[in-house]
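For reference, the structures are reproduced in the following blocks.
In what follows, chain A forms one complex with chain B and a second complex with chain C.
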Partner chain A sequence: MNGWSGKRLRVDLSTGKSISEPLSYEYRRKWIGGRGMNSEVIYSEVPTTLDAFDPEARVCFGVGPISGTAAPASGRVTISCKSPLTGGFGDSNMGGHWGAEVKYAGWDQIIVQGKAKHPVYLWIDDENVEIRDARHLWGKFPREADTMIKQELGDEDIHIVVIGPAGENLVRYACTFNDVYRAAGRCGQGAVIGSKNLKAIAVRGSGSVGIARPKEFFDVCNRLRQGFKDDPMRKFLYEVGSLSLINVANHDGWLGIKNFQQGSHPDAHLMSGEEHATTVLKHREGCFACPICCGRFTEIKEGEHAGEYGGGPEYEHSVPTGPRVGIFEPNAIWHNMILTNNYGLDGIECGGSIATAMEWYEKGLITTKDTGGLELEWGNADVVAKLIGMIAMREGFGDILADGASRAAERLGLGDEGQKYTIATRGMCLPGDDPRGLGFAYGVGFAIGTRGGCDHLRCLASLELSGFMYPGLNTKILGDERPVKPTTTVGKGYCCFYEENQKAMVDCLNVCCFTTHWSYAVLTADQVEYFNAATGMDITEEEFMEVGERVVNIERAYWGRMLSGLREDTIPERFMKEPMPQGTPDQTNVGATFPVQKILPGYYKYRDYDLETGFPSERRLKMLGLDYVAKDLAPLRAKYNSEAEKKKKKYYY
Partner chain B sequence: MAVFTKAEAKRLAELDDYYMALLDALKKAGVLDDGAHRRYMLTGYYRLVEFLQGKKLITAKQAQEAMAGGFTSLVESLVG
Partner chain C sequence: MSEKKVLIFNQEKCTGCRSCMMGCSLYHDGVCGKVASRVAVIRNEVVGESFVVGCDLCSDAPCAAVCPTGACSIDPKAGIAKINAAKCIGCKECAMACPFGVINMSVKTGKAFKCDLCEGRSEGPVCADWCPTGAITYTTPTIAFKAKRREKLNDRLQAAKAGEEV
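Let's turn to the complex of A and B:
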């Protein structure tokens, strides 16, 4: 078989049994792989009423048909589950080398269900699957566990997915790592893995990936690799990593400072990628087959944290545990990054939850009586570092924040006033980007994101983020150059529709979106070309994009089944009502607000969402071959608009 | 080829959500059928321009201008 392995592995930790399931041609063509196949499994096998930590809940690890090949950056893996943070659909993906290894072991997808009696890890050696005791690994940081498993199995080249203590302690935003430092951060799959008493999945593969038309495939891959040499975004990402955004964000006023009360600050440059590269950068790292190598490795050289080291930082990890909580001292930020990585926490939700608590504290909604004596002043680096550990271990006030900002507001009895400061959508804290400056299409992504309030590597409306580096690209795709301006409503509905479908397809292939969105060195037509050459299929660009649309729709329908739709497609009030204040003299977006409701109706037209509910229309679902989904949603359309349902406030599910 | 009136062209240029309106107008004028309307919604503006050139509704020069100037240039080429 070419491209795919043609089978998936299903492991039931309750029974200790594992089986191989064939993936038919029709199924592969319909869902492609990665996020697509995972989303289909979550929709079909995980009832919306099931608790995310129920043993019957699934966690899926999906790779794509070109994973493990020479296609640029083709080593990612998508992890999907019912999110314990939002209660809705959840997924996240990560780079590293584990995804390629899964392919070499002969699998397109791994589904884990059930719950082991005690901590275990999976050892997948090609077709052989073994469930091994992990009691001695429980409580270990990812770095330690990775080393111990490799020593135990006697193979340094094994690739391992592992969770940290936060996942074991069911912190609702625990993340998952592979190769120690490559994280799938969002939605809390690490906690779902932990709930199954699963510490890690070690994989070794000795096979290869079949390529249908090798000459054509390698010609495309070589051409694309050549293109990266002169790509402007590749240069930035290689030189200074995703922290290259710090100075841009500060200039354009979209750095989420003090829980998004500000967008720009005179000290922000201290944590810029440029500063990092000349102070604490130890070396650069690349994931499987990556032509960019945006990964950083940091070693703190001075101050109280001197000698600490670890993978990262990334922009989205550093802003929430830095400026979002009022910290600009770089070594304190790198320290927080190392802490969250060690414990296995999503830096975005962790920083977002702490920032929310800080704003509650500032506004007088909570006091030291609630926090166990912690003084949650902005910029208090000691308290933030302490809280990170308390969250991971579910100690004291940390136990409350371990449930995420929205649930914490409820646990503390703060009502609507408390929820107002959570800066979250559908129960998930937004990443560190303020749509009042970063862009309106990006902000729409926060409202409609099918994994909750996260456009971080999701809809990824990068035509307005990095489009200025590619003159003419907005016109080529959207028919106009005006949408490149972040704070215009022109063309943004279509921008979201196109990029959301495109990104879903990229996640089905499991290639890195830094090659297809941030950088536009690999366009849709290129992806179709290498996909067809690898698999031997003859899929058209239209069919390719339609797969992306299908994936978005089944995920949206999962939310629909939870009665989450049009009314929940919104963003925090702050972005709509509070004009952006001035933080630095040359900040470009002073006074800006984000009129999300002006853009959404246009977006719905492209999606053909039902304008009464925001659910995917029966017509579009049937067009996408999702008749069974249409049937599921039919009785829920009227229910969603019942008076009782309209009165409900849904901060999470 | 005359597909739009000047007034329609002006209206399109003033819309925030111009692309769907453009596709709808081309469908109404009989240039796109349902399948083509959906195809160019999924694949983007440049594929629409290629299609119109392939159908000889615009010349190669007009297609080039449509790619440089965006949909307003395209619409101008289609004004009767």
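Let's turn to the complex of A and C:
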């Protein structure tokens, strides 16, 4: 078979059995792979009423038809589950080399269900699947577990997915790693994997990915790779990594400082990529087949943390455990990064929860009595580092924050006042970008994201964010150059619709956002071209984007089944009501607010969501071949708008 | 006669992305796979180190010297060792003799295969062409060594300059 392997692996840890399931032509055509197939499995197999930690819950690891090929950055893997953090649909993806290895082992998807009696790990050696004892690995940091498994299996070249102690302790935002430092952070898959007593999945593949039309595929890849050589965005990302955004964010005022109370700070440049590159950068790293190589490897050289090392940093990881909690001292930030990586925590939610607690403390909602004596003052690096460990081990006040900011507010009985300061939507903290002044389409992504409040990559509205670097591009894609201005409402509804579908396809193919619509060296048309050349399926660009729309709709419908829709499509009050204060003299967005409600109607129009419920309309679902989904949603539309339901406050599910 | 170009590998610049391996396997075999590549990237994820190894195009090639059937021999025209698959018996002697371990055995045919500098490709070898960081370059030894010397000198000058500033 070309492109796909044509089969998926299903492992039941309760019975210890694993089976190979064929993937039909129609199924592959409908869902492509990665996020698409995962979302379909979650929708069909995981009831919305099931607890995320129930043994019957599924964790899906999906790779796409062009994973493990020469297509730029084609080694990503999407992990999906019912999120223990939001309670709704959850997925996350990561780079590294594991995704490609899964493909070489001959699988398009791995579904794990059931619960092992004691800690185990999976060893997938091509078609041979073995469940092995992992009791000696339990409690180990990812880097220790990775090394031990490699020694045990006698092969240093295998690739391993592993969780840290946070996942074992069911911290609701524990993340999953592969290649030690590449993390799928959001939505808490690590905890779901931990709840199944699964520590790791080691994979070795001896196969290759077949290509339908090799000459054509080579020519497309070659052309795209040549294009990267002159790409302005590639240069930034390679030289200084995603931390190149720090100085930009600080200047434009969207660096979420002190839980988004500020957007700009005179000391922010200390943690910029430019500074990092000349101080603690050990070397640059690349995920599989990546023409950019934005990965970093850091070794702290001075101060109390001297000698510590690890993969990273990355913008979205470093901002929440740095500026968001008021820390600007770079070594303290790198230390926090290494800590969260060692424990296996999602840096965004971890930093977000601590920052929220700090704001409660500042506003007097909680005191040292609640925190067990910890003085949660902004910028107190020792307390933050201590809390990270306490969260991962679920000790003391850390146990409360381990449930995420929204659930913590409830556990502490802080009510609406407490929830006001959790900068989260649908129970998940936003990443470190303030939508005030950043971009209207991007900000809408926070409101409508199908995995809750994180949509820095799901609706990465690069047409308005990096579009200015590529003149004429908005016209080419949207037919209008005006949306390139971030703070205009013109064309933003369609912009969101388009980018969301596009990013869904990026995740279905499991390539990296940075190589497609961020640096614009690969456009949708190019993706269709290499997809067709690799698989021989020959679909049009319209059909390709329709798959993206289908994926977004089935995920949205999952939320619909949980009675989450229009009313939940909102962003934290702070962004709508509090004008951005001045932090530095040349900050550009002083006084800005984010009028999310102005853009949402336009977005719904293109999505064809019901204007009363915000659920996908029956008409659109049928058009996308999702009749069974339409049937599921039909009785819920009226229920969603019942008086009882309207009164409910849904901070999470 | 002008000097022949060779592949120069600079480990310090390797990010471990394996773009080279994908280009190599796709160009030669029409599939994408690590096992089908003539160039290899070895990674140690824990400490974040990556190494790229490929054929160093030895002029006195051990792979050719040990081949019992003459399948692997120095091609007089190209000046590098090449493997004639028709004569290869799959004994793996060449693979074991290579000091860099860059000769592979085909999973399908069981025969040895090695780098041929992407014979016939006008842009030169794919691995060097696709390497995003300059860890693999295709150039003449003289130019490569000159650049290396220049780099060392620049480092020294920079260090001296930094010393002045302090």
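Please note the rule applied: the second predicted complex is superposed on the first by the 653 of 653 C-alpha atoms of A that agree within 3 Å, B and C clash if a C-alpha of one lies under 4 Å from a C-alpha of the other, contacts with A are read in each partner's own complex, and residues count from 1 in each chain.
Definition applied: a residue touches a chain if its C-beta (ideal position, glycine included) is under 8 Å from a C-beta of that chain, and two chains touch if they have at least 3 such contacts.
Since the model is a prediction, treat every value here as computed from it, not as a measurement.
In the superposition on chain A, A:V490 makes contact with chain B only, not with chain C. Judged by the touch definition given at the top, the superposed model places A:D480 against chain B, while chain C stays out of reach. Of the two partners, chain B and chain C, it is C that touches more residues of chain A.
In the superposition on chain A, A:G389 makes contact with neither chain B nor chain C. In the superposed model, A:F218 makes contact with chain C only, not with chain B. Once the two complexes are overlaid on the shared chain, A:K282 sits against chain C while remaining clear of chain B. Within the superposed three-chain model, A:P291 lies in touch with chain C and out of touch with chain B [touch as defined at top].
In the superposition on chain A, contact is made by A:K598 with chain B only, not with chain C. Shared contact residues on chain A (touching chain B in one structure, chain C in the other): none found.
The residues of chain B lying in touch with chain A in their complex are 16-20, 22, 38-39, 41-48, 67-72, 74. Chain A meets chain C in the complex at residues 68-70, 97, 100, 104, 143, 146-147, 156-157, 179-181, 206-211, 214-215, 217-218, 221-222, 225, 228, 234, 238, 282-293, 295, 297, 309, 311.
Interface residues of chain C facing chain A in the complex, by the touch rule stated above, are 12, 15-19, 22-23, 25-27, 29-36, 42-48, 50, 107, 126, 129-130, 132-133. Listing the residues of chain A that touch chain B in their complex gives 472, 475-481, 489-494, 497-498, 501, 524, 541-542, 545-546, 549, 598-599, 602, 605-606.
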